[in-house]
Amino acid sequence: MINKLTKSLGALALAAGISTIAPQGANAQDTVKVGVLHSLSGPMAISETSLRDVLLFTFDEINAEGGVAGKKIEPVIVDGASNWPLFAEKAKQLLEQDKCAVVFGCWTSVSRKSVLPVFEKNNGLLFYPVQYEGEEESKNVFYTAEAVNQQATPSIDYLLAQGKKKFYLLGSDYVYPQTTNLVLLEYLLSKGVPLENIGGGFKKDESGKIISAGKYTPFGHTDYQQIIAEIKQFSAGGKACVVSTLNGDTNVPFFKEYAAAGLTAEKCPVVSFSISEDEFRALPAKQLVGQLGCWTYFQSIKTPANKKFVDDFQGWLKATTVDGVKKEGRVTCSPMVLSYNGVYLWKAAVEKAGSFEVDKVREALQAGISFDGPGGKVTSQKNMHLTKNVFIGETKADGQFKILKEYKNVFGEPWLKGTFKPKTAAK
Amino acid sequence: MRKFLCAVILLVLCASGIAESPKEVISKTVLLEDSEEQAKRVGALSGANPEELIALLNKWKEGGIFIVENADGTKVAVTLDEDKDAEDKQTARRLDTGAVFGRVVAADITTAETDSTLRLAMKSVLDLAELSSPDLKRRLQAIETMGSEQDPERLPALLAWQAKETHSRAKRAIQEAIALIQLKDESDDVKIAACKTLGELGSIPSQDFLKTTAKEANEAGKAALVTAANGALKDIAGHVTFVNTAGTAFRGLSLGSILLVVAIGLAITFGLMGVINMAHGEMIAIGAYTTYVVQCVFGPGLELSPFGINIKLPGMNATDWLYDSYFIIALPLSFLAAALGGLALERGIIRFLYRRPLESLLATWGVSLVLQQLFRLTFGANNVQVSSPSWLSGNWTVNDVLFGWNRVFVIVFAIAIVWGVTMLLKKTPLGLLIRAVMQNRQMAACMGVRTERVNMLTFALGSGLAGLAGAFISQIGNVGPSLGQLYIVDSFMTVVVGGVGNIIGTVISALGIGLLDQSLQQILGNPVLGKILVLAGIILFLQWKPAGLFVTKSRSLES
Amino acid sequence: MSQKPFIISAEGVNKSFDGFQAIRDLNFYMDVGELRTVIGPNGAGKTTFLDLITGRTKPDEGKIEFLNTHDVTKMSEYEIYRLGIGRKFQTPTVYTDHSVFENLVLSLEGSRGVFRSLFARLNSTERDRLDEILKTINLGSHRDRKAGALAHGQKQWLEIGMLLAQNARLLLVDEPAAGMTDEETAKTGDLLLSLVGEKHSIIVIEHDMTFVRQISQGRKVTVLHQGHILCEGPVDEVQNDERVLEVYLGRKARAA
Amino acid sequence: MNKRTKIELAIVAVIAVILIFVLPALNASGAVSNFTINVWGKYLCYAILAISVDLLWGYTGLLSLGQALFFALGGYMMGMHLMRMIGDLGQYKKPIPDFLVFLGWEQLPSFWVPFSSFAFSMLMVIVLPAIVATAFGYLAFRSRIKGVYFSILTQALTYGAALMFFRNDMLLGGNNGFTDFKFLLGADVRDAGTQRGLFIASAIVLIAVYGFCRWLTTTKFGLVQRAVRDSETRVLFSGYAAANYKLFVFVVCSVIAGIAGALYVPQVGIINPSEMQPDKSLEIIVWVAVGGRGTLLGPVIGAVAINALKSWATRAYPDLWLIILGGLFILVVLFMPKGIVGLPAQIRGFFAKRKSTETPAAAQPSPTAP
C-alpha cells in the first residue's frame, strides 16, 4: 500500500515536473499562449474543472488542424483555487508575465468582477462562459455566457404557455439570483401576472419601491423545511411553479425535501437555471424527473454537430494523459459548450483580423462572427455577447434533458433591468 | 396549415374508430411525433375501462412502452417481457394485440417518451379514472385536481362519488372540491354556501379561488358574497396560522434532532473528554460516504481510483425491498467506519494532546483538511448521489400539517441514540469506566483503570456516533467532501450551549436551537437573518450562563 | 471588642459544593495586627475559607468584611487584592515562564491599570526594594532564572517574596512550610513574626505543629472542623481541648 | 538587551532596508517585476495580520478565530472609500457604486456618504474593528469565557458576520463585495507606481507594527500579558483585572488586523465576505504556528513561507495542496511546537539530550498555554 502510494506520488511529481518543463522546450515562434483561469481546487473546482478539460480538448482539436492562424495553442493553466483575490493575482500573472493573447476562464460572477480591472488595465481579453446576471459590459470581456434573456425569461414564456399562473422565486443569496429575480419580477408583471401571484416575498425601500424579490438562502444551506412548507401552501391551489436560482450544493437538500413533501413536477414544476447535466450528476435523479431546465445547449440535442462534439470529447477523455482529468461518467453541458464555442470564435476572429492583438480581435468579434457549434449557430454581437438558440428541457432519470421547446437565435442582452414595464401601468 | 390538416384527419380517424379499445388507441398514439396531438388523443380516452386505462397510461408514463421498427420501416408499439437471455434478448409483444413480436435487444428499441403536455393530458384522464381507484392516495389526488380545475362538468361525477365514498379524508376532500366548483356556480346562494363550507373546512387550496371570488363579487357589487368570501378567508387564515405554528414546532423538533444527532458525538469527545475535534465534521462525512458505498454495493457496484489505485466493488444489483434495506445495513457500518477513523485519529494524534486542548483544535483542523482532500481524491470533487429508500421518502399529512417520514425518522433516531448513549454510560461497565476516567483521570489510573484504553474507546464511540449522524444526513442533504464543514460550527454551538460534559444539556440545547431557528425563520421569513440571530442569541446566552445550560460542578478549581 | 475595626470578619458564612457543606455557619473575627493560625484536619474547610476571603469562591450566604467596610463577597479577586489582601497558595503558584525578578515586579505594589502598565518603569527605590526582597528570600543569585526552573522550596520562598513585594495589609499564607527544610521553616516563621504589626495582619494555615507553635506563641489559634470553628484560643489551650483532641490531635496522637 | 535580541533587531533592520528601499528601487528600474512587487505586497499584509494573531495567541494565550473578521472589516472600510473614488466610471456611469444602482438606489445611503473622505475612511479602518472588538471582547472577557470556548465563540462571531455580509441588504455588495477600484488619493490604483507605493506603505506598517509589538512586550504590560497566558487565575490574585488586559490586547490586535486589511484591499483589488470566514482565521493560525508563536519574527516568516509554498504548490500539485497544508500543520503541532524560529533551539536541544541522557526533560517542549 505504502509502496504504491510513494510510487504514485513519485509519478505525480514526475508528471508535474515534465509539464512545467515542456512549454520551455517548444519554440515560442510558432505558438501562441492562451490562458486558462479556473478553480481546480476549493469548492468551485466541482464545476470549473470540467471547463478546463473541455478547453484542453478544444486546444488539442484546433492544434491537430493546424492551430490558430498557423500557430499552435500553448495553454497556460492556472488555479484560481476558489479564492477571489487569487483570481486577480493569477490574471495578472497570465497577462503581465505570460503575456497570454487571450484568457478563457471564471465561473462565478465574483471571480469575473475580481479579474475585470486586471483585464481592463492590461487590455487583455477574457472569454466568460457561464450564465450570469448581466448588468455589465466590458470591452475586455467577451460573454459567451447566457444572459438573463437567454435563460430566465424564455423559461417564463414557456411556463406561461403551460398555463402556470403563480410563480415562486427562490435562489441562493448572491448577485445572480437577486438580479435574475428582479428582472423576472418586472417581466412577470409585464406579462400581467399580479404581484400576489409571485411568491417568495419582497423587500421594499422607504419609498415603497421593490428592491428585492424572492426567497434567498445562504450557500451551503441545509434546511429547506420551512420554505417547502411555504411552497406547499403557495401551490395548494394549483397552476403554480417554482423558479429556482439555487446554486449547486443546496439543490440536493431542496429537492429531497421537495419530494418528501409530496410535491411533484406535475403539480408544481421547478425550473432551475443552475442545474446543467454536469451538476445533475450529483443530484438524486429519481426525485428530479420532470423538473425543468433552460440552457442554450443540452447534450441531448440531436444534431450531427453535437454528436461529433460529444463523441470527440469522450474520445479525448479516454486518450488524454493530462493529470487530474476524470475519465468516467462525464457529460457535456452548456458552460462547456460555450467555452468550446468561445475558443472557436476567438480563432475565427484572430484569423479574420490577421492578428493576435486584442484590439483587432475585438473589432473582428464586434463585427459579427458566426460559428456552428454543438448547440447550433452562434453569432457574436457588438455588445460582446452572443446570439444563440435557447432550449427548454425536462430532466430524465438518466441525467439527461428531454428538449421540450427551442427558441431560435435569441439576442444576448445584458441590460434588462427596467426594460419591462408592468402591464397595469399602461392603463 | 399542414399540421392542422393532419390533426383534422387524425380526429376523423379517432372518431371513426369508436370501437377501438384503449389498447389500440394508445398503440397508435404512442407512435405519433407531435406531443400536442398525442395529448389530444389521450384526452379523448376518458370513459373507457378505468383499470386497464390506468395501467396502460402509467406504463407509458413510467417508460414501459417501447417502439420497434418493422423491416419495412413502419413502427410498432410493444411491451417487453422480463426474460432476458444470455444475449440480452427479450420477448417483445405488440401492445394492441398482445401477440409476440419477436426477440429484441436494447439497441433495437426506443422508449416511448412522454413530456409534460402529454402527461398533463394523461393526468386528467387518469384523474377521472382514479376517482374510483381503491388506493386512497390516488383517489385524493384525483379529487384535489378536479377541485382546483373548477370544472362544473366534473361536478356530477364528484357528487355521485360523494355518496359512495367512505373514507373520512376523501370525504373531506370531495366536500372541498365540490365547494370549489360551486364557487363558479351561477347562483349567489350556492356560492355563499360554498364559501361557508370552505371556511369551515379551513381549505388552504381554496384561498386563491376565494380571493378571486371576492374580487369579482366586489366588482359586481354583491356585498353578501364579498362578506361570505372574506369571512371564509379569515377562517382559513386562522387555520393557516395553526398549521404554521404546528408545522414550525415539528420542523423545529426535527432540526433540533438533526443538531442533536450531529452534536452528540461531539458531546462525548468534547464534552466528556475535553478534546476539540475539528475533524468531527469529517467523521460525519465518513459515515455519509459509507452509506454511499453500501448503497452502491446494493446497487450497481462502485469503482474508485484514489491515487491511481483501482478499487472495484461488485454490485448486488438488488431491487425493491432488498435495495431499500441498504440503509439498515449502512447504519451500523457507518458507525463502525467512523469509529475506526476516530480510533486512528486518537492513537495517531490526539493522545499526545490531551493536556493541550487548543493544540488539539489546531491539529485536528489539519486532519480535517487532509481528510477532505482524501474524500475528494477518492470519491471525486462532486457530491455523490445517495437516494433515500422509499420508506423514508413520503409524508403524513394530518390536518394540513406535514410530517415527512424522513423527519419523523430523525426524531425517532435521535431519541434512540440518546437513549442508547445514556444506557451505555449508566448501565454498562464501559460506561462506568468512561465516567470514572473523565471525572478524574489520575484517580482512575491509580485504581487500575487502563485510562489509555478508555480514552481510545470513548473517542471511538464519539466518532462512531458522528458516523451515524452522517448516515442520516445523507438522507436529507448533500454527500460531498465538504459535508462536515456545514455542521461543525452548529455542533460546537450546541454542545457549548448545553454545557460541556452533559448529555441532557446537549439534548435540550439542540431542541432549543432548532425550535428557535425555525420560529425565527417563520416569523422573519428569512433563513439567513434567522441564523444570524440564533448565533447572536447564543453569544448573549453565554453571557448569562458562561458554562452553558448545565454546569458540571466540580471542586477542582484550577481550569 | 474594641472600637478598632476588624481586619477581617466573617459572619454566618455558608458554602457547599454539590451538596458537600464545606463551610457551615462560620463566624470569624480578627483584629488588625494579629497573626492568626488556622489549623484543622483535612477537609475542614481551611483552604475554602481563604478562597472565600480572596473571592475565588463566593459564599452561598453570609458576609465577609475587610476593615468593617468592604464586603469582599461582592468583589472580584483583583478588587479584593487591591484592598490589600495578599495570598500565598498551598501549592506554590508562581509565573513559571517569567524570571524570578519579573515575578516580583508583577507583584510590586502600585497601579494595576492597563494604561499605566504600558509606561510603568521601575524607579530606583522600587528596584532597591526588590533587591532587598530577593536577598531576604535568598534568591539573589537566581534573579534572572525562570521561576519554573526553581526547586519546590525556592518557589515557596519566591511566593512569600511576592507577598512582601505587594506590601499587603492582610496576608493569607497557606502552608508556607511545606517542602522546606527545618532551617528554612524556622526562617519563614521568623520572617512572618517580623512582619506582623499594625501594617500587616497575617492568617497562616498550617499542619506542621512545630511551626504552629513557633509562630503562635501567646497568640490566638483557630481550629476548623467540618467547616465550622471548633474552638479558638492560645495554642496550648487549644491543644488540650477535649474536642480538638478528639477530632484532630487525638486522632493524630493515636496514629502516632 | 541580550545577544539574541540584538541579532533579531539586526535582521529586522536589514529586512526593513530591503523592503522599504531596495525592492521598490529595483522595481522602479525594472529589475523586479510589478507582479512580484504586487504579490509580495500581499504577503506583507498577511505578515502584519500574522503578527496580530501572534500577539493574541502567542503572547496572551487567546486563540481567536475572529482575526479574519477584523482584517476584512478594515478591508471593507478601505473598500468603501475606493468605491466612492470610482466616481461615475462604473458600469452604470452613475455617481454611486454600481451595486447600489442595481438595488434601486438613486442616492447614496446616508452611511456611505462620509466615506468620500479619505481621512474619515482611514479613521474607520481603525475605529470600526476597535468598536466590534471592544463590544465582543467586553462581553466575552467579562463572563470569563476563555480557552477553547473563546475560540469557538469567536468562530461563531466570524461565521455570523460572514453570513451578514453575504446578504445584499447590507448594502455592501453582498457576495460580490467591492471590486473595480480606480483611484486612491488621486492616483490610479492599478498603476505600477501606486502599487509600489502601497508596497512601501505595507512594508513601513509591518516594520512599525513589529516595533510596536516588540516595545509592548518589554513593558510591564508585556509581563502581565504573558502572565495572563500562563496562569490567568494567578494574575487575578496579583491584583490585575485580567479581563481588561485581554480586552486591550484584543482591541489592539483587531486594529492591527484592520490596518492590514485596508492595505491589502487596494493591492488585490477585491474585498468580499469570503475573506472573513472562519477557515481564513484558522489559516492565519497555521502561519503563526509554523513560523513560531510567541516570537515576533516567527509569524512573519510563517506568513510569507506558507503563502509562497501555497503559490507554488497550488500550481505544481493542486490536488495535494490541502494535504500538504494539513499534514504540515499536524506535524508542527506534534513535533515543532516552537515552529521554524524555534527549530535551531530544538535541534540543539535534541543533540544535547543525546549527548547527556541524564537530563531527559531538557528537550521537552516548554509548557504551553492552557
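Labels for the chains are A, B, C and D, by order of writing; each one numbers its residues from 1.
One rule holds for everything that comes next: a contact is a pair of C-beta atoms (placed from the backbone, for glycine too) under 8 Å apart; a residue touches a chain by one contact, two chains touch by 3 or more.
Nothing here was measured: the structure is a model prediction, and the numbers come from that model.
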item: Remotest chain, chain A as reference, centres from CA atoms; value: C
item: Between A-B and A-D, the pair with more C-beta contacts; value: A-B
item: Distance from chain D to chain A - Cα centre to Cα centre, in angstrom; value: 35
item: Cα-centroid distance, chain A relative to chain B, in whole angstrom; value: 28
item: Interchain centroid distance [CA atoms averaged], chain B/chain C, Å; value: 66
item: Chain centre separation (chain A, chain C; CA means) in Å; value: 74
item: Shared-contact residues (touching 2 or more other chains) in chain C; value: 56
item: Per-residue overlap in chain B, given as positions that touch at least 2 other chains; value: 485, 528, 531, 557
item: Multi-partner residues of chain A (at least 2 other chains); value: 173, 218
item: Chain B contact footprint on chain D (complex, rising order); value: 63, 136, 139, 142-149, 151-153, 155-157, 159-160, 163-164, 166-167, 233, 278-279, 282, 285-286, 289, 319-323, 325-330, 333-334, 337, 368-370
item: Contacting residues of chain D [partner chain C, same complex]; value: 216, 219-221, 223-224, 226-227, 229-231, 233-242, 244-245, 248, 366-367
item: Parts of chain C lying in touch with chain D, wherever the complex brings them together; value: 54, 56, 76-78, 81-82, 87, 89, 93-98, 102, 105-107, 112-114, 117-120, 148, 162, 166
item: Chain A - residues contacting chain B, complex; value: 4-5, 8-9, 11, 43, 45-46, 49, 162, 166, 173, 196, 201, 215-218, 220-223, 225-227, 229, 232-233, 236-239, 249, 252-253, 256-257, 259-262, 265-266, 269, 281-287, 290, 326, 328, 394, 397, 402, 404
item: Chain D partner contacts - residues on chain A that touch it in the complex; value: 12-13, 16, 20, 40-41, 78-79, 81, 83-86, 88-89, 92-93, 96-97, 109-110, 113-114, 116-118, 120-121, 135-137, 173-175, 178-179, 203, 205, 209-212, 218-219, 323-324, 417
